[in-house]
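Structures follow.
Each of the next two complexes has chain A plus one other chain: chain B in the first, chain C in the second.
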Partner chain A sequence: MLLFCFYIFNREGVCLHYHEWSRPRAARNESDDRKMMFGLLFSLKAFVSKADPSSNGEEEPTFVSYRTDKYKLHYLENPSGIRFVLLSQPNAGEMREFLKHVYDTCYVEHVVKNPLYSPGEPFKFEQFTQALTKMAKKTHV
Partner chain B sequence: MKPSRGTGTMNFAPVEKINSELFTLTYGSMVRQLLVDNEDNVEAVNTQLEKMGYNIGVRLIDEFLAKTSTTRCSDFRETAEVVAKVGLKMFLGVQATVANWNADGTECSLILEDNPIVDFVELPEQYQSLSYSSMLCGVFRGALEMVNMKVESWFVQDTLKGDEVNEIRLRLLEVVQDEYPFKDDE
Partner chain C sequence: MATIFSLVIINKSGGLIFQKDFTETARVDTNEAMTQASIWHSLHAISAQLSPAHGDTGIEMLEADTFNLHCFLAPTGTKFVLTCAPRTAGMEVLLQTIYELYSDYVLKNPFYEMEMPIRCAAFDQHLLNEIRSRS
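What follows is the complex of A and B.
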C-alpha cells in the first residue's frame, strides 16, 4: 500500500515538515501547496464541527480522513495544535494509529526533544526522517 | 478521557528516569550560575528561570500528550486536575492537590507537599527574594499556552522560605481560539 506524502503543520499554519515517498503529480508551487493544504484542513475542521448532526454537541467531532478515487487523506490533530497529514492510496485502512505512532516515536523523540530545535520552525532532521521511513516500511509491506 | 488516579503512576513507571539527586544538583548549580552571570540581580534571575521554564513547557506538552493520549480538557478545572495529578507525577514524580478555587473557577492552587528540586537547598540571606522553583511556573505557562490557555502562575508558599507546603497559584487569563493565520486574499 503506497504512501504519497506527509505534512506536519503547527497551529500557525507553518508547514514544519514535508516528506514525499512518491508523488507523480507534483505541486506547481510548494508554498501555495502548503497554504492550500492548511486552509483546507482548517475549513474542514470548522465545517465538520458545524455539520455534526449527532447527539449533544458537547464534544466536537474530529475529522479523520477523506477519500477520493485516487487518494486518501488522513488527518490527526493534537491538543497542542500539531497536525499530521498523510496522503496514501485509496485502499488504505485506518491510519490514525500510524499517525499517532509517528507523533509518539518520531516527532516527540527526535524533534521536540532536540535541543537545537526551536518550536514553530520548519525542520529537516535526519533522525526524524529515518525513523519515519522505517516506521512506514514496517507498517506497509 | 478523565484521567484516573492511577494514570500518572502508570505513565511514570515506564518513562526513562534519571537519578533525582543528579537532577536536583544540576538545577541547583544552574541557579547558582545564573546568579553569578547576573551579578546577584535576583529579579533578573527569577525572570530568566521563568523564561527557561516557559521554553521547557512549550516542548514538554508534546511529550505529555504523546505519552498520555489525553484529549482536550473541557474546562480549566479538568486542566488543573490533569496537570496536578498526571503531569507533575509523570515528570517530577510527585503529585499535587488542587485547592482554593476562586468563585469563577479561573484561579486555583496546586499544593505540592514535596518538591524534589529543592532537596538539600537552603536559601542564604541575600537571596531571600529568589523564586528558586519559578522554572516550574514557567513550565505551566508554556505548556498550557500550547493548548490555547493563557495562564499566569506564581508561588504563594515556598518551603524554602519557611512555609509548610509549596503552593503554586494558577490563574487562567484567557482561552485563545484558533484563528486562520493567513489573509483571505492570499
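What follows is the complex of A and C.
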C-alpha cells in the first residue's frame, strides 16, 4: 500500500511539517498547496457537521477520510488543534490507528518533548522523520 | 439493513436541482440544502486539484463518524450525492441505478429543461421504489 505524502497543521493553519514518499503530480506552488489543503479540510469539517443527518447535537461529527479515484485522504485532529493528514492509495484501509500512533510515538516523543522546539513553528527534525518512515515501513508492506 | 438518508443532485454549475430526504432526522430546509450543495461542488473541485496523482476527478466517497457520503460525477458534470449510514454496502451500484433513472425519467422528459430543478413525478416514484427496495 503506497503512501503519497503527509502534512501536519496547527490550529492557525500553519503547516508544521510536510513529508513526501512519492508524488507523481507535483504541486504547482508549495505554499499554495499547503494553504489549499488547510482550507479544504477546514471547509470539509464545517460541511460534515452541517451535513450530519443524526439528530444528537452533543457529539460533533468528525470527518475521518475521503476517497477519490486516485488517492485517499485520512484525517486526524487532536483537541489541541493539531491536524494530521495522510494521502495514500485509494485502496488503503483504516489509517486512523496509524495516525494516532504517529502522534504518540513520533510527534509527542520527538517534537513536543524537544526543548528546542517552539510550538507554532514549522519543524524538520531528523529523529521525527526517521521514526515516521520507520513506522510507515512497518505498517505498509 | 442499509439506511439511506438523502439524495441530492447538483448541476454542473454547482446549483441544487434535486433534493430528497428519506428519513425524518435528515430533513434540511431548501436554502440550507442549496448552500450545502454549492459548498460540496467547490470542495469536490478542490480535492481534484490537490491530488498527488494525475487524472483525478474528485471525491467519490467521504467517511465521517456518523455517516458516509457517496458522490457520483456523471461525464456531463452532474453530481449525484447520497448520504447513508456508515458501512453501508452497494451504494455505488445504487448511484448507478439512480443515474439510469435520471436519464430515463428526467432527461427523456420533453418538458424538462437542462440544469433546472427536477420536478418529474415518474422520477420521484421510481426513486422511492428503488430506495425502499434497498433499505
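What we mean here is this: the second predicted complex is superposed on the first by the 140 of 141 C-alpha atoms of A that agree within 3 Å, B and C clash if a C-alpha of one lies under 4 Å from a C-alpha of the other, contacts with A are read in each partner's own complex, and residues count from 1 in each chain.
Basically, a contact is a pair of C-beta atoms (placed from the backbone, for glycine too) under 8 Å apart; a residue touches a chain by one contact, two chains touch by 3 or more.
Please read these numbers as outputs of a predicted model, since none were measured by experiment.
Colleague: Could you classify chain B and chain C on chain A, in the superposed arrangement, as clash or fit?
Modeller: fit
Colleague: By the touch definition at the top of the document, which applies to A:Gly13: first (chain B), second (chain C), both, or neither?
Modeller: first
Colleague: Angle at chain A between chain B and chain C: what is it in degrees to the nearest 10, using CA centres?
Modeller: Value: 120 degrees, nearest 10.
Colleague: Taking the superposition as given, does A:Lys35 touch the first partner, chain B, the second, chain C, both, or neither?
Modeller: Only chain B is touched by A:Lys35; chain C is not.
Colleague: Let me test your reading of the model: by the given contact rule, A:Ile82 touches which partner, first (chain B), second (chain C), both or neither?
Modeller: A:Ile82 contacts chain B only, not chain C.
Colleague: Quick check on the superposed pair: does A:Thr68 touch chain B, chain C, both, or neither? Answer first, second, both or neither.
Modeller: It touches chain C, and chain B stays clear.
Colleague: Return first, second, both or neither, reflecting whether A:Arg25 touches chain B, chain C, both chains, or no partner chain.
Modeller: The second partner, chain C, only.
Colleague: Spot which of chain B and chain C makes contact with more residues of chain A, would you?
Modeller: C
Colleague: Taking the superposition on A as described, I'd like to know which of chain B and chain C A:Lys138 touches: first, second, both or neither.
Modeller: Neither partner.
Colleague: Just the number, please: smallest Cα separation between chain B and chain C in the overlaid arrangement, in Å.
Modeller: Across the overlay, chain B reaches chain C at a minimum of 14 Å between C-alpha atoms.
Colleague: Residues on chain A in contact with chain B in one complex and with chain C in the other?
Modeller: On chain A, the residues that contact chain B in one structure and chain C in the other are 39.
Colleague: Please give the residue numbers of chain C that touch chain A in the complex, ascending.
Modeller: Against chain A, the touching part of chain C is residues 5-6, 23, 25-26, 32, 36, 39-40, 42-43, 46-67, 69, 83.
Colleague: Which residues of chain B touch chain A in the complex?
Modeller: Listed in rising order, the residues are 58-59, 61-63, 65-67, 69-72, 74, 146-148, 178, 180-182, 186.
Colleague: Touching residues of chain A toward chain B in the complex: what are they?
Modeller: Chain A reaches chain B through residues 11-13, 35, 38-39, 42, 58, 78-82, 100, 103-104, 107-108, 112-113, 119.
Colleague: Which stretch or stretches of chain A touch chain C in the complex?
Modeller: Contact set of chain A toward chain C: 4-5, 22-25, 27, 33, 36-37, 39-40, 43-44, 47-48, 50-55, 59, 61-71, 73, 87.
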